[in-house]
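Below are two complexes that have chain A in common, paired first with chain B and then with chain C.
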Partner chain A sequence: MSEPLLTVENQRTAFATGRGLVRAVDGVSFTLERGRTLGVVGESGSGKSVLSRSIMRLLPPNARSSGEVRLGGRDLTAMSEKALRALRGPEISIVFQDPMTSLNPVMTIGAQIGEVLTRHLGMSRKAAKARSVELLASVGLPQPDVRVDQHPHQLSGGMRQRVAIAIAIACEPALLIADEPTTALDVTVQAEILDLLARQQAERNMAMILITHDMGVVAGRCDDVAVMYAGRIVEQASTEDLFRDTRMPYTSALLASIPRLDDPPHRKLEAIAGRPPDLIHPPAGCAFSPRCRYADDLCRSQPPALEDAGRGHRFACWRPMTMEAAE
Partner chain B sequence: MRYLFRRFQRLVVVMVSVTFLTFLLVNVLPGDVAYEMAGMDSSEEEVQAIRDELGLDRNVVLRYLDWAGGILTGDWGASFINKEEVWHALAQRFPVSLELMLLAQLIALSLAVPMGLISAYRPGGRADRVIGTLAFASVSMPSFMTAILLIFFFSLHLGWLPATGYEPLSAGLWENLRPMILPALALGLVEWTVLMRTLRAEMIGVLQENYIALARAKGMSDARILLVHALRPSSFSMITLLGLQVGRLMGGSIIIEQIFGIPGIGRLLVHAVNTRDFIMIQGCVTLFAIAFVTANFLVDIAYAWLDPRVRLERARG
Partner chain C sequence: MTVQERIREDHAAPAGAFLDVRDMVVEYPLAGGAKVHAVSGISFQVAKGETLGLVGESGCGKSSAARAVLQLPRPTSGAVRLGEEELTHLRGAALQRARRRFQMIFQDPIASLNPRRRIRDIVAAPLEIVGEGDRAARYKRVAEMLDLVGLNADQAMERRPHEFSGGQCQRISIARALILRPDLLVCDEPVSALDVSVQAQILNLLEDLKHRFGLTLLFISHDLAVVKHVSDRVAVMYLGMMCETADAQSIYRRPAHPYTRTLLSAAPEPDPGRKPAPLDMLAGELPSPVNPPSGCRFRTRCPMAQARCAAEVPQMRRLAPGHAVACHFPLQ
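What follows is the complex of A and B.
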C-alpha cells in the first residue's frame, strides 16, 4: 500500500482575538498524491492562506490548531519546531502572494537563495552561489550571474516572483505550496509565472497546492480542485468534473462570475450577493445558505456534511445542483 | 559630490548658529574675563583698563566677527587666563573626551542590541518585561547618580577600579582603559535604554514582514532570522538616534568628567565658563559642533551600508 504524500485530517485552525475565536479553518480533510496539483479556490477570508500555513506549521502564537497533517508518513503536528525546520525547504516549501514584500530588502538575491542550500544541503558558500545562478537561470531570470549579486529593489515584480520560486524549489521539495502566486502581478506576467510553476513541477515531480481566488487560474493547470468557503471545503473534484458537473451552488456562482470571451458585450457580470460569513459567529446551517438562492429551512438549520458522490467528487450541500439546474 | 556639498552647507549653518548663540550667552552672563585677569583685589580702574585693552566694550556682533575671522584663517586664539593656545588645549583634551564617548556608546550598543533582540522576539513575554523594567530603572537615574553608585560599589566597596584619574594610551592599553570603565558605564547606562526601546519597536514591526515569514518557511533558525534577516532592516531608527545622542553624550560627559576627574573637553569648558574665558569657550563649542555634525554624517554613511536602496538614491544624487 502506498500512502499519499500529504494527508490533511480534520484540520482546524482558530485565532483568539479580542472579539472571540475566529474559526479560519474549520475541519478540512484532503489528500494529495506525489506529482499532482490541487487547486484551492475561494474568496478572500475563506481560509485558504491559513490552511497553507497550517500545513507548513507556520502559525502565529495566538493560533489554535488541531487535526493531523501527515507528509510522507510523518505527522507534522506532533513534530518539534527543530524537526519541522529541517523539513521546511527540502520537503515542503511555499511561494507567497506578494513578491514585493516577501524578499528581504537588505540581502542580495544570491544570499537569499544560498542560505537555503547551505542550511539544508550543507553546501559551501561558493557552491551555493554557483547553484543559485543555475537556479535563477532555470526559473528564466535573464542575466542570472548579474542578478545574483543584486538586491530585490533592482528587480521587477515578475522577476522577484521568479526569485521566490527559485528559493522554493532550491532543495527539490516534495510539496510546493503556491499561495496566490500571481495575484499581485500584472496580467501579462501571471501566465508566465503559472507556466513556470507548472514546468518546474513536471520536471521535478513535485506535488503542488495552488491557492487562488481565480477559477480561471485553476482551469487547465490543476488535476483536482477544492473549493473553500468559510474555512471548509464545500466541493472537491477533478478539475474536469468540477467544471462540467458542478454540484454546489457556491462553486457555480464562482464559475458564473468569470467573464467569458463569447459573452455578448455589455453583459452584466454575475456577482455573488451578500458577504462572506462572520467566522466568529458562523451561521447555524450551511455557511453559504444566507447567500444561496436555493437555500431552504434545512440548509439554514443544519450544516451539510462533505460527502463523496462517486469518482472522488465530494460536495457539502443539501440541495445539490444537477446538470439541468445549472443550465 | 552634490551630496557632500549639501552636508558642508549644513555644517556651516550649524557652526555659525551655535557659536554665535554661545557668544551672546557668555556676553549676557554677569562678570567678565577682565575681573578674572585682574585678580581678587584690583581696583575698578585696573579692570576697566584690561577691558579697553581687550576691546570688551565693543559691540558683541563686531567681536563675534573678529573671532570668526580668526577661525577662518586658522587662528583659534589663546586663553586669556593662562595664555594657552586654544588649538593646543583642544588637541590635548579632545582625544580623552572622544575615547570616553566612544566607550560609552560601545557599552550602550552592546547592551541595547542583544536586549532589544530578546525583547522583540517575544513582546510581552517574561524576558521582555524584565528587560523593560531594567531599562526603565536605568533611564530614570541621571548619569551623575549612576556614577556615584558605581564609584561606591566598584571603587570603594570592591576596590576593583579607580574612582578618579586618567592615564594616556602610552601607559598601556589596560592602564588607559581601567579608569575609563566606570565613567563610560555611567554614561552608557543612561543611553542604552533609548537605543534598546527603539530597536525593539522597529524590530517588532519587521518581524511581521512577509520576508520574515518566508525566512521561517525556508527553515531558518530563530537566531539566524533575528540576527541575519531582521537586525539590519530594524536598525535605522536606532542608528539615527546614535547620531543624535552624541549631543546628549557631550552634555553628559561634562558632568561625568567633573566627577571622575577626567581631563577632557568637558572640564576644560567648565573651567572656561567659570573664568568667562570666552575665547576658550568658543573653541570648545566649535569643536562640539564639528563633532556633532560629523557624527551625523557618519550616520548617513551607515544608512547606505544598511540599506541598499539608499545607495541607489544617493547615486542618482
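What follows is the complex of A and C.
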C-alpha cells in the first residue's frame, strides 16, 4: 500500500510559560488519505488549534515540538522555513476561525489572491487577476468582478471567510486544514460555507481536516472523526461508528450533553460535572478520570493507550463502554 | 373586530401576559439623517412563569429588543408592560424602583464581571445599590445565592473573576442577577461562549432556578436546539421583524414561515444518519438594516417570494391557537 497523504506520528507540542510547561498536544498520531475528511472535535483548550499549527509548522517561539509530520512522503519537521513556505499553498493550507488572521487589511482582495498565484504558480499579473475573479466566483462571492478590487473591511464576515477559502485553495493544495471555519458565523452562513468546502474538496480530491467543537458539524460532513481531550486523541472512528458505537466515556458524555432539536422541551441535559484538567498539572492517569463516572483506581493511576479495536476504531480507555452501557 | 384587536387576540399568551410588548420600535440614528432599523414594530407576550425563546441570526435585532424591554435604553416607540406597570412611562426614581423586578445576564460572562472586585462584592452590588441590609446581612445573602448557583461560597466569596472559568463566571452573573429576586430574567446568549459540557450545566441551572424562584424568562439565542430546550414558546426574528411565534414543539414540527424552515434545516444535527440538506434560501447577503427591503424583509432570500411580498408588509396572523406567522404564503 502506498503511504497515506498525511502521517502524524507522536506529535507533542508544549509551551514554556511563567506557570510551567503547558502540554497542549501530548502524543498525537493519525493518518489521513487523499480526498478524505477527518473531523477533529474537542472542547476549548483541548489542543485542536495547536495540533493544526503543529502540522502546518506554524508555531510560536515559546513552543517545543517533537514527533513527525509527513506529507506526501516528506518529513515537514525536518524542513527549513524556506522549504515549508514553498509548500504552504500548493501542498497544504489552512483556513482560520477569524478570516482576518490570514487577510491583509490594507491590500485589495484581488492583490492578495494574485500574490499567491504569482508566487507559487508563476502566473503573470494579468492572468492572476482573471484567475482571482474565477476563484471568487467559485467560492460563491457575489459580484466577484467588483469585489476583487475591494478591501476586506468592505465585506461581511461570511464573505471574508469565502475569500480566505479562495486564497487557501488557490494553488489546489492536497490538504486543507479548516480550524473552526464557521464558528463565528450564523447558522445559515455556516451551512453555505460547509457546503462550499465539501464541493471544493470533492472537485479537487483534496483531503481536509475539519476542526470544530460542534458535534453537529462533523456528523454530516466527515468520513472519520477524532475526539480530543486534554491534548490527546481519546477516540477515533468512522463517523458512523463514533456516533453509533461510542466506546470512550468522554465521547459518550459529550454526545449526551448536546441539546437536540428533536428532544421535547425542558428535557434535563446530562451535563458533565467539573471542567477539563489543567494542562500544566494533568491528572496522573486518564485525563478524564476526575470527571468520569466509571473511573476506578487503575484509571486514576495509569493513562490508557489509544488502541485500535478493529475497523480503524481507536479509543483510549481502561473500561470502554459497550453498546448496552451506552443505552 | 378591528384588525388591531384581532392581531392582539392572536398574539395572546396562553395564560394572560405578564410581560406585554406592543409595536416596539428601536432605531439608532446615523450621521446624515439615516437610521438603523434594528427593531421595526414587534409585539410579543410572555405569561408569568413562562420562558419565551427569541431566536434569530446576527443583526436580527434580538439583543436590541431585549435591551429595549429593560429600558436600556428606552425603545424609540411602543409599549412595554411588566405586570401592572408600563415601563416606558417610568422616569427617574420610579424606573430605578422598577428595575429591581428585571435583570439580565449576558453572553460573555467574564467580561461582564468587574475584574478588580471580589466575588462577594460583585454579587452584593445590586443589594448595595438599593440600600438593602447592612454589610453582614448582604454577604449572608450572597453566600446563600452562591450556593444556589452551585458554587462553594466559602471558597468563592473572597476571590476575583479571573480565578474562575467561563462557566463559573456565568454562575456568578446569575447569582448577581437573582439576588434582588427579580420577576423577569432576560438572558442574552447566556451559553454561547461556553463549551457544550458546561453549557448543559448552565442550562440545567437556569431551569432549576426558574422553578425555584417562579421566574419569567426571556431567553435569546441563535441556537435553535438550545432555545427549544428551555422555552415554552418560541419567537423567530429576521431583520428587525417578527416572523413566527408558536409553542416550542409546534414551531419545530410545523414551521410556517419560510425563514423558520431555513433556520431549522441549517442547524447541524449530531446525527450521522441525517445528511445536511441543501439550504432553503436564495444565495446572497443579509440586507442592511439601514435600508431594509420593502414589504417582507425576507423576500430577497426567500425561495417562495412573489410580487405581493415586495408590495405589502405581511402582518402577524393566527394559523392555529398560539401559532402566529407573518407571511403572505405560509408553508403547509
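Here is the rule we go by: the second predicted complex is superposed on the first by the 324 of 327 C-alpha atoms of A that agree within 3 Å, B and C clash if a C-alpha of one lies under 4 Å from a C-alpha of the other, contacts with A are read in each partner's own complex, and residues count from 1 in each chain.
Assume a contact is a pair of C-beta atoms (placed from the backbone, for glycine too) under 8 Å apart; a residue touches a chain by one contact, two chains touch by 3 or more.
Values in this document were obtained by computation on a predicted structure and should not be read as measured data.
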Three-chain arrangement built on chain A, chain B and chain C clash or fit: fit
Partner chain in contact with A:Met228 - chain B first, chain C second, else both or neither: neither
First (chain B), second (chain C), both or neither touched by A:Ala191: second
Angular separation of chain B and chain C about chain A, which is computed from CA centres of the superposed model and rounded to the nearest 10 °: 80
Chain B versus chain C as contact partner of A:Val28, first or second or both or neither: neither
Chain B versus chain C as contact partner of A:Leu6, first or second or both or neither: neither
Broader residue contact with chain A after superposition on the shared chain, chain B or chain C: C
Which of chain B and chain C A:His153 touches, first, second, both or neither: first
Contacts of A:Val163 with chain B and chain C, given as first, second, both or neither: neither
First, second, both or neither for A:Pro265, with chain B first and chain C second: second
Touched partner set for A:Thr101, first chain B, second chain C, both or neither: first
Partner chain in contact with A:Val40 - chain B first, chain C second, else both or neither: neither
Distance in angstrom between the closest Cα atoms of chain C and chain B, superposition on A: 8
Chain A positions touched by chain B in one structure and by chain C in the second: none
For the chain A and chain C complex, residues of the former touching the latter: 43-44, 140, 142, 156, 158-159, 186-192, 194-195, 213-217, 219-221, 239-240, 242-244, 253-255, 257-273, 275
Residues of chain A touching chain B in the complex: 56, 58, 84-90, 93-94, 96, 98, 101-107, 115-116, 119-120, 151, 153-154, 164, 167
Sites on chain B touched by chain A in the complex: 209-211, 213-221, 224, 228-229, 232-233, 306-309, 312
Residue ranges of chain C in contact with chain A within the complex: 57-58, 165, 167, 195-201, 203-204, 207, 222-226, 228-232, 248-249, 252, 262-272, 274-276, 278-279, 281, 283-286
